[in-house]
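The following blocks contain the structures, represented as structure tokens.
Shared chain: chain A. Partners: chain B in the first complex, chain C in the second.
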Partner chain A sequence: MFKLILRNTLRHRLRTTLTILGMAIAILSFGLLRTVVDAWYAGVEGAAADRLVTRNAISLIFRLPLAYLNKIQTIDGIKKVTYGFWFGGVYIDEKNFFPQFAVELPTYLDIYSEFVVDPEQRQVLVKERNACVAGRKLAQRFGWKLGDIITLKGTIFPGDWELVLRAIYDGVEETTDETRFFFHWDYVNETMKKNFPTVANQVGWFISQVEDIERAPLIAAQIDATFANSLAETLTESEKAFQMGFVSMTKAIIMAIQVVSYVVIAIILIVLANTMAMTARERQEEHAVLKTLGFQGRHLVTLIAGESVAIAFLGGLAGIIAIFPAAHFFRTALGNYFRIFNVSDETLAICLLIALVVGVVAAIFPAWRAARVPIAEGLRRIG
Partner chain B sequence: MKIPLSYSYRNLVTRRLTTVLTAGGMGLVVFVFAAVLMLAEGLRQTLVATGSYDNAVVLRASAESEVQSIIERDKAAIIASQPEIALNKEGRPLVAQELIVLFNLRKRGTNMPSNVTIRGVSPISLELRPEVRLAAGRMFRPGSTEVVTGKDTAGRFVGAGLGETLRFAMRDWTVVGVLDAGNTAFSSEIWGDIDQMQQAFRRPIFSSVILRLRAPGDFYNLKARLEADPRLPVQVKREIVFYEDQSKRMADFIRLLGLVLTVIFSLGAVLGAMITMYAAVATRTVEIGTLRALGFSRGNVLTAIMLESLLIGLLGGLAGLGAASLMTFFTISTTNWQTFAEVAFSFTLTPDIAAKSLLFGLGMGLLGGFLPALQAARMNIVESLRAL
Partner chain C sequence: MAPESTPPILVEINNLTKSYRRGVQIIKVLENVCLNIPEGEFLALMGPSGSGKTTLLNLIAGIDQPDSGLLRIAGVDISLLSESELAVWRHRNVGFIFQFYNLVPVLTALENVELPLLLSELPRVRRRQQAELALKLVGIYDRKDHYPRQLSGGQQQRVAIARAIVSDPVIIAADEPTGDLDKVSAGEVLQLMTRLNQELGKTIIMVTHDPRAAERASRLQHLDKGVLNACTV
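And now, the complex of A and B:
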């Protein structure tokens, strides 16, 4: 039986090849779409449970006074606090977007232990006023080397900012974001003090590391209570919830992508169902002969479904293999939009599963018809 | 002599299931293609419609959006005294200094927070934007803690509906009216009194200065003078250009992602058409041989098969476009990365997109049918007649 399925599959080489190709393309795009959605959630995945983010309750564009630092530090259960803000500068051209943060570097690197910096580089980095640190992938993207001068044009903080690359960090895990860029909050603040004293000594957010994850919600509430009814009320949430806030803002786009990924499954289902329907119709006579020889309806069902699943499986496999170079292309060519683009094992498993399911579903109708057509009618048919 | 069109058409009717399946596959691809273009177009139109050609926006130099921009009072006063600014009927200059802040509001239903633009405006602001009308309630009274909300904000966010109250900046703000700004970004904003906003948010500065030009051509004079003024680190843009720039990154992203997808998808659908057409040719070997024997030329056969494939493509294109046109009833809201604020827009179908979609469907039919048609045309008459 198995041999017959294989032979049948190879009978129309051209058609089978085309169908497998179509299947591969569909599985490829489904896998890519899922990875795009994953990339959206990368920030959420990378969030640590023991970190709380405190920001101005009005919205992120409002800052908090640095003076809050002392009050937050005294709250029981908080191990360490760091602060900083989103710098949002332009490197040469707007197209070269990457996330830039002006932070209190020593404490920041302590809390974000997933960003690993060489101890020697770190020493220089912490000491020099205009030093900066970039992720490995970011440095590769622009071909930066240690000692390079990087000039950012400020959009929020006017002027040109010259920074010297003193360190390159590596991520602890493969999924760690290696495209961020950090430099000294002090460096920006000093200039602010000079030129815009009203907005000096302000930070975008405080990040607190808590000792006991269980108590994190309580501590968050305590921080907010400390500053309730002040001029700058705070909103403290877990890092995960904070990142999730960004994701939910563009929820509509994620939903559109998900809808599209189902459409692609529908397309491939149609293509495969069409192939199987044509194949079954052409072989109606042959199926009738098989029945005459004593094969049952269920044998024919196995025959057709087997062929359909075989094609789908081969196509799925080819698609999955093609995902890796495609993902590489996305990372390099579209690094502007997707900083993290890792194909997860789960995605691969789902792709394979979908291929098999599509194979079975596409065979249902033709198989059902083949099993039911009376022998005489099948034999009578011409063409 | 040509093979009549009805030959191609009847062939499709005979193999109904296969035709429908193939056209259905193409239809889905055209649907995605059209929907993506409509989405990008909707976003662009919403933001472009927000600007007016006669208006100019003054922002701080290097600021990309109003939120990033800061213009101090004294500098705003210099800008407001430029001679290019038009006057209204009462002889007052048509210039408005505005303050833009973002505020976190929770969406109705999901309760997820999103950034909403709050715009502190002066009475002139309305005159500068004739497309903004009051749809319900009344305008806020100057000097009061009253606000009016855009129709998209009113429907989408908790507390933003008419008669409800919003709490921000340590005050309660009553929503006394709903603005209908048509298909523009103003429909996604909240407007309040500029003086109240400056006090409440403790920002004694302006974000942008909007002004009406006496004549559209005055723009170049104004731009040259203001940008050269050493007291003013500002940039001057036509309002329409300013808003178009704001939609660029997002629209480009949607378009890019959409085009990559449709190219991949269309490969799948072209393969589907090829399979169908190859099968159509294979089952009709004798028939095609007969046609040739009757005196139809290779070119005639090629044309007939291509027409069949093109018909499938057209069918798919029409089906996809039909489905996509239903999408115009939906409104999507998302955060624009460039302004970091929520904006609502709808799928917009333009004749250009419709034409592109149909051409796209036909193109897929053309590509899918070419090789099979070539195979049919090349058949040897004697051999094909003998095949059975």
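And now, the complex of A and C:
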């Protein structure tokens, strides 16, 4: 039976090849679109449960006074607090975009333990006021080496900012973002004090590490209560919720991507179902002969479904194999937009599962019909 | 001198009726057909197109069901069997030979002959041996690894005959087995069928338009407009 399924699959080589190709492209598209969505959520997935983000309650673009730091630190249950802001400078050209943050480096690196810095490099990094640290992928992207001078043109903070690369961090996991760039908040603040004193001593956000995750919501409420009715009221939420806020701004796009990915699967399902229906129709007489020999409806269902699943599986497998070079291309070409573009095991498993389901579903109608056609009708002869 | 024993009746047909529906029209194909076929007989069914001979053959072979009447084969009223029971019954009792051979094009001659045995409990080696034996019996063993497209019409029909006899059926139903063959090949196929009947004692029911083919049969029955007229060869 297996041999017959295999031979039937190869009977119309061109048709089978084209269907497998179509299936492969559909699965490749689905896998890539799913990976795009995953990449979108990468920040959310990378968020730690023990970190709370405190920002201005009105909007993220409004800052908070540094003076809040001491008050936050005294709240019971908080282990460590760091702070910083989004710098948003331009490196040589705008197309060279990468996320830049001016942060309180020692505490920041303590709280963000997923960014691993060599102890010797860290020592120098912390000591030098214009030192900076870049992720491994970012350094590779621009060919930076330790000691290189990186000049950023400020867009929010005017001027040219010369920074010396003193450390390169590695992600603790494969999915850790290695494209970030950090330098001393103090370095920016000192300049602000001199040139724009009204915006000095301000931060974009505080990040608090809590001792007990269970108490995090309570602590968040406590922080906000501390600054209630002040000039800059705060909004404190978990890091995940904070990241989710960014993602939800683009929810419609994500939804559209997800819909497109399922539409692609629906199309290939129809294509394969049509192929199988055509195949079954062509073999109607052959199926009648098999029935004459004693084969039953279930045997024909096995033959047709087996062929359909074989085509879908081969197409799915080809699509899955193609996902890796395609994802690599995306990572290289769109690295600015998708800092993490890894094809997850879950995506691969779903792709394979979808291929198999498509194979089975596509065979249902042709197999049902083949099983039901009376032998005499199948032989098309009435004496 | 002992009296010659009469072979038992293998196929017993009484008042068999069959009609088909085409749209709103009901076409009566067989009407009150009565026929007994003894075991080991070679029966030829003749008649003009549309006379119902293939329908009668299909009913006897269990690939169609009658509307009414008795259709008993080897003591089993096959009109009472369900579709799946009938499939099992066909596999065990009937070998079918088609006009256009109807071999599976993606299987070799040997694999085509082995096909009905896939439904049996036989192990693979035993199946192969049996299929090879059937091919030897019809004299086409040397072409066992050829695909149907690599064989002539006569050779393909021999393979089809081997497929029909491989599971040692009680009845061989042949629907115009020489209809698509040249004179020489047709003669060879008919000779083979005669051998199966005479040497192996197979009961053969053959539908044919060819009077020369019918001459090989031990009995000839004419059908006209669904009614059977008895005529002994």
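Everything below uses one rule, namely that the second predicted complex is superposed on the first by the 380 of 383 C-alpha atoms of A that agree within 3 Å, B and C clash if a C-alpha of one lies under 4 Å from a C-alpha of the other, contacts with A are read in each partner's own complex, and residues count from 1 in each chain.
In this text, contacts are C-beta pairs under 8 Å (C-beta built on N, C-alpha and C of every residue); 3 or more make two chains touch, one makes a residue touch a chain.
Computed from a prediction, not measured in an experiment: that's the story for all the values here.
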- Message: Is A:154 touching anything from chain B or chain C once the two structures are fitted on A? First, second, both or neither.
- Response: first
- Regarding the shared-chain residue A:268, is it in contact with chain B (first), chain C (second), both, or neither? first
- Query: Is A:26 in contact with chain B, with chain C, with both, or with neither (first, second, both, neither)?
  - Reply: first
- Task: Return first, second, both or neither, reflecting whether A:251 touches chain B, chain C, both chains, or no partner chain.
- Result: first
- Tell me which partner A:325 touches in the superposition: chain B (first), chain C (second), both or neither. neither
- More residues of chain A in touch with chain C or with chain B? B
- Contacts of A:285 with chain B and chain C, given as first, second, both or neither: second
- Residues of chain A contacting chain B in one complex and chain C in the other: 383
- Message: Taking the touch rule as given, give the residues of chain A at its contact with chain B in the complex, in rising order.
- Response: 14-15, 18-19, 21-22, 25-26, 28-29, 32-33, 36, 57-62, 88, 90, 94, 153-156, 158, 229, 231, 233, 235, 245, 248-253, 256-257, 260, 263-264, 266-268, 270-271, 273-275, 277-278, 282, 334, 337, 383
- Write out the stretch or stretches of chain C touching chain A in their complex. 20, 29, 47, 49-58, 61, 63-64, 83-84, 87-88, 90-92, 94, 96, 98, 102, 104-107, 111, 115-116, 118-119, 163, 175, 207
- Given the complex, residues on chain A that touch chain C span 1, 3-4, 7-8, 10-11, 285-286, 289-297, 299, 374-376, 379, 381-383
- Task: Report the residues of chain B in contact with chain A in the complex, numbered from low to high.
- Result: 17-18, 21-22, 24-25, 28-29, 31-32, 39, 60-64, 67-68, 101-104, 110, 112-115, 168-170, 201-202, 233, 249, 253-254, 256-257, 261, 264-265, 267-269, 271-272, 274-276, 278-279, 283, 332-335, 337, 340, 342
